[in-house]
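Below, each structure is written out as structure tokens.
Paired with chain B in one complex and with chain C in the other, chain A is shared by the two complexes that follow.
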Partner chain A sequence: MKKTRIFVFFVILIVFMASLSVSVLAQVVEKGGTLVFGRGGDSVGLDPIQVTDGESFKVTQQIYDTLVDYKPGTTEVIPALATDWDISDDGLRWTFHLRENVEFHDGNPFNAEAVKWNFDRWRLEDHPYHIGGEFTYYGYMFQGFPGIIDEVNVIDEYTVEFILTEKQAPFLNNLAMVPFGISSPEAVKKWGEDYFKHPVGTGAYKFVEWNQGDRVIVEANENYWRERAYLDKIVFRSIPDNAARFMELQAGTIDMMDGLSPEDVDAVKDSSELKLTLRPSMNVGYLAMNFKFEPFDDVRVRRAFNHAINKEALIGAFYSGLGEPAKNPMPPSIWGYNDDIEPYEYNLEKAKKLLDEAGYEDGFEFDLWYLPVPRPYIPQGKFIGQAIQSYLSEINVKANLVTYDWSTYLDKTEHQEAPTYMLGWTGDNGDPDNFLYVLLDKTNSNNAYESEELHEVLIEAQKTMDREKRIELYRKAQKIIHRDAPWVPLVHSTPPLALKSNINNFIPNPTGTEKLHRVWLDK
Partner chain B sequence: MAGKNNKKIKQKKIMQKNTNPWLEAFRRLIKSRIGVAGLTVIFLLLLVAVFAPVLAPYDPLKTNIMARYKAPSSEHLLGTDGMGRDILSRIIFGSRISLQVGLISVSLALIFGVGFGLVAGFYGGKVDMIIMRLMDIMLAFPSILLAIAIVAILGPQLKNAMLAIGIINIPRFARIIRSSVLSIKESEYISAARALGAGDMRILFKHILPNAMAPLIVQTTLSIATAILEAAALSFLGLGAQPPSPEWGAMLSDARSSLQKAPWVATFPGLAIIFGVLGFNLLGDGLRDALDPKMKNV
Partner chain C sequence: MLNYIIKRLLALIPILIGVAVIVFLIVHLIPGDPAQTMLGERATDAQLERLRESMGLNDPLYIQFWRYVKDLLHGDLGRSIMSNNPVISELKIRFPATLELSFFAMIFSVFVGVPAGIFAAINQNSWFDNLSMMVALIGVSMPIFWLGLMFIWLFAVELGWFPPSSRISVETVLNPVTNLYVVDSILNGNFTALIDVLHHLFLPAVALGTIPMAIIARMTRSSMLEVLRQDFIRTAYAKGLKRKAVIFKHALKNALVPIITVVGLQFGVLLGGAVMTETIFSWPGLGKYLVDAIYARDFPIVQGGILFFAGVFVFVNLIVDLSYATVDPRIQYE
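For the complex of A and B:
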């Protein structure tokens, strides 16, 4: 009797273990299927070098590879089309060894010639295929045309050499950026100005169709040099309204979405069919004050504003708590962040005192521009603008809220027409230069902040190869910026995404877009 | 039967001799249910607008981001919005803005429309041709599109929205007046006035305008309703009232992102717009009946 019992017990145990291991096996990747990705806008173009918007990069990143890439979920540089590389002692000669047996989607081989052809097209204004746009990101990152890349030389079929005119510390990080995806030279020659509608790269997915304003479709590249993509097909659908996109997700007509409104985070958490994924934070949302407009030329007024806004409360109310208050213009996730900076704390007394000293005890009136569209760093511009307005009213300052449509807004702020304005930035490559130089150097700032002292530090940091020295320089830069208070840094947000619960292995990148070749679906 | 009817008509005529025709119209208006309903709604609206500071339980602009999207309760009868403001108080203060928009923009349309219509109808010829073709061009645009274009040029502000709504309503008034003037100016009493030596101005404002008043009043009332709606539409698009102003259309627009989470934020301003517009439309219909000479015996 007893023996049978033990026997039955063991049988049950074995069956149980077996079923467990089966369910573990079921966790093994399931291949195939279509993913419908809902997003806030259409791509501008699919030639990555010609675009600057995330919605374009989201798609081109699937179609193209870059010489080097970021490790998923980070900004650490890893090999991609280049397997390894050497740097000369003076930092001016970079030699890349390329991956062999890689083919473009049109069947042409990837080699050193193709790399040279792409770089020549981007950097040489007299290149016959330097057409179809402004090559904006090339100019940004490599300082114009031809910029600091003096020569690109083919050493042999799989070795290519770059000669720089001056040292650029973030050179490798820059090369990993999505805009520098390598195109098939033959395809560019074939389509000319229309290449942006017929992208051909070496990536995990091949371009199928682009129905402008509605959707872009890509399908798995069977000859991908990494393992073939798990999904068969991805459809990128544009649904501009956040609420409408979320309703589609709930209805099941899309599988995942970015740009989830913080208002809907709780609904995702409560749903058994959806899951929440957080993008690692690498951004800043800020309120800039324009030095060209009185009284913002007075540092006491700018500091008073810094003291008058309660950032924690804003994050609690308008970000569902998904973010942290900013004290520096760059996020703590980036090396070189100066955590020793003492933030201007929320303190109305101090704010009022500073205004008194500046001669504005009776306050003043000014225009506050608020973001017309939801962005990852400021998802609810109108609400946050009203909250800032009400904070400032506590120190007798009257803010008139103003806004324009998004492209006008960007254009006008770029031309320094806004007295104060909300804006933000998502990092491209994880380098401090990509925040401090791009946003606050005297050559780039949109609020007429023109500090010679800061400029010198930032330029020196660009030319310094040693990481420790660069960290010191950037820490110093943040100190200068904190002292001058050109902005009220508001928040480093953690943008939320919503996915159906059957989506696996989606790893959001801090840069805002990611490759989707390792994503797979439970059937 | 016929005899009885005749008698009634005679009695009416005798009565009319002693009464002001406007008083008579008013009497007819308050006899009609539609008219009374419209008047009541508008009266209520006016009351709310005038006594807003007394009626509103909270400051309509007072934000409290710790109390966002609170459902209707005894504390906040209609709940709170995305900035934690009391929706009831905002709707109450919003009535001021809506009435203001309605009255100011329609007055603007009325003054210019009537001016153009009178001149065009009275002088005829080339003047008429130029003015009315201009009006036709304006009418050829969808009115809200024209308003958006005007606001886009002037900048998004409530006063510009009012101006835009005023402008797009000018042609309707001009047309109505002109057609009245065309028939009235052929009347014998106009010839008589002219024979007595009356000048153009006297004839226009003393004889023609008062006789063209009835359709104008109806059109004015109905236009206020559309003006309120158009202002709400412009504000919804972000082209009218700017935050934190408690304009009803702007409130609706703010509520869009939270439709699922907090439906009351959209519902109540929506109802307020319906209520206000309905009031003026009902009054307009009532007035049309009351002022129509053919309806005198009804």
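For the complex of A and C:
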């Protein structure tokens, strides 16, 4: 009897608290209003499959949906336009069940035909609407045209089937990427090569206006298949200069911004009207050592470099402390990260000893290439290069700083012309393969690191569908890489964003862009 | 006069051909390729190859040049590699922004610089002369990015008198006709928009106009000083003419030729795109865009943009030359 009473009491308490919290939540969310997002550059285009830059994706993310999506703030895959899916035992046949009663912004229905049409447009070079650009990300993620997607078949109105030529473990993660947003076929046909200026998707926001070089405006889609966006309108404004953009935020003419300069971080922290948010890291900045150049073919020299650079100090000085020292080639936000790896600690004695063993007790001279442009993973290439130069001088090694303009820099490093070079990577789909295979497999590495052992592990992981097995393989791969030390992994940066304090529910995603339909403003 | 204009316009043709050849060669001979820039860190050899092939970059240079000239003769400047937008439509959007900004910057620099120079000259070595020439010296040596940021900080952030950047408020609706927003708002009969547009123009125009203003003021002063020392001025005074008439009717008119030259040159330079001002004030003009295109190795945009600028520059020079004849009857064009 007593027990029942206590139970009833608790049930009442729980119900009461639940209703309280629901009513509190219901009170809190305020709908409507316009958000002005300040960013460093204009979008290149608004047809997501044709662009590769973050400024374009920032906008297309709002206008389009993909078959599957990333859970907010993570790279975990959740249903979106597809509600669920089946995979055949051999991993080659994927069947997606699509959401019903979804409309494109132009009123046309979303269905299996539309999905097939979009994939055919992307993958078939003889498709009449395979025009207007290079479809770069399709070729990149699905290995060319038509690539590994052999067939896309309509099973019924809301079921579509993909036949792959080979297993691709990250297939689902790839489909969640923003370039693979589904366009209205009618709109693509209507606008042809100019579709990139007239985007039509199923997303939470409809395209309104693009004033090139200045702003893109989107407004809430009243028929969105999820709950309607809380905001009425978003304006993406291009403000190229970091300092000017921050002043606009202080003046109140924009509500939030990315590309905050490290030196402005403290001003944001101190302001009562602004708040700071960090994007979870999905990148790595590194110093690579080229095996083709002596003495970097000697693992002892490479390990000596790993011991000689103080990463914490670099992060304190050049990232305003916003980042974490890297010990692996991929960031901890990615599953399969091997946290058991013992990093090469900052220790000049060890570094010197290793150089002695390698026969370089008197040091040597070499070229250190530093990044000519700010990148998210290395925002101040020259200063970081100078810092590394001074660290290395402590072990009697003289680094000559060298750089080129960005495209030349990429071209020359790609062709293994740099003895050592700073570079980095921002992940695409949240899969370990997208870091380890892409950067360090013998078929891809830019520093002539050609480990057969690593290659076998990475290829096996690509063909394995079981997550647990893949984790084991990737942990092993990170061990091999740590042992061979082809790089000095420097940092995983967490790019800062500054927001007015009345902005709620902005959850930055590690992939670099996020949907803003759940963001709302205190009035 | 008409003959002269036709001759000058005909002379434009070899100039543009020369510019086209030089730009094409420079753009294609500098290292770095657009495919690489476009794909960034993600570039794989296979993809680069495919992209270069589809952009026609694998063809020998002379074939690329021939294709470029052929398209040019058909009035086709090509499409941007980055955005796939036709170059001509990019120019149509961005040049008016640059033109509008430069025009108002020139208005500011002429209407402040010329009177300041005249006043300084007729009161040579007075406190005004010293002060204004000091200001002009500071103006000439002022880094514009710093000046621009200070303007934004003081007048937009602290005082809130002017909007910090952009051409028009987010709320203002304007149907673009010419993309010159001042003209468009008048054509639309939308006076709220006109006020808004002028409001946005003020800070960047003043910032951009500061250096030309200083140069014009110094040039006006020295040119006026030279004329004021000449005999006919003394004669004019001796005739009993009023000081005002001597200065404005006789002295200024004679001093005007070098001033016009400087004004024309400055205007031509500003039209070439004020990269710094456009960057600081988020002004969607051609200068910033062209610099980005150079970094991106977006060949068609760079070629089209520079060719266009060359045309504009020559045109401005022609106007300047013609205006000499109006201010100085001794100059005649046959």
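The rule is short, and it goes like this: the second predicted complex is superposed on the first by the 481 of 523 C-alpha atoms of A that agree within 3 Å, B and C clash if a C-alpha of one lies under 4 Å from a C-alpha of the other, contacts with A are read in each partner's own complex, and residues count from 1 in each chain.
By definition in this document, a residue touches a chain if its C-beta (ideal position, glycine included) is under 8 Å from a C-beta of that chain, and two chains touch if they have at least 3 such contacts.
Here the structure is a predicted model, which means the values were calculated and not measured.
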item	value
Chain B versus chain C as contact partner of A:S261, first or second or both or neither	first
First, second, both or neither for A:E414, with chain B first and chain C second	second
Touched partner set for A:T52, first chain B, second chain C, both or neither	second
Touched partner set for A:D433, first chain B, second chain C, both or neither	neither
Touching partner for A:A313 - first (chain B), second (chain C), both, neither	first
Which of chain B and chain C A:A243 touches, first, second, both or neither	both
Chain B and chain C footprints on chain A, overlapping residues	241, 243, 247
Chain B-touching residues of chain A, taken from the complex the two chains share	241-243, 246-247, 261, 263-264, 266-267, 313-314, 316-318, 370, 372, 380, 382-383, 385-387, 389-390, 400-403
Complex contact set, residues of chain B against chain A	61, 63, 65-66, 68, 82-83, 156, 238, 242-244, 254, 256-261
Residues of chain C that touch chain A when the two form their complex	31-34, 36-47, 50-51, 54, 82-85, 90, 93-94, 97, 145, 148-149, 152-153, 156-157, 160, 163-167, 170, 279-282, 284-285, 288-289, 292, 295-297
Chain C-facing residues of chain A, complex	34, 36, 41-42, 44-45, 50, 52, 132-134, 136, 139-140, 144, 193, 196-197, 211-215, 217, 235, 237-241, 243-244, 247-248, 250-251, 253, 404-408, 410-411, 414, 423-426, 428, 444
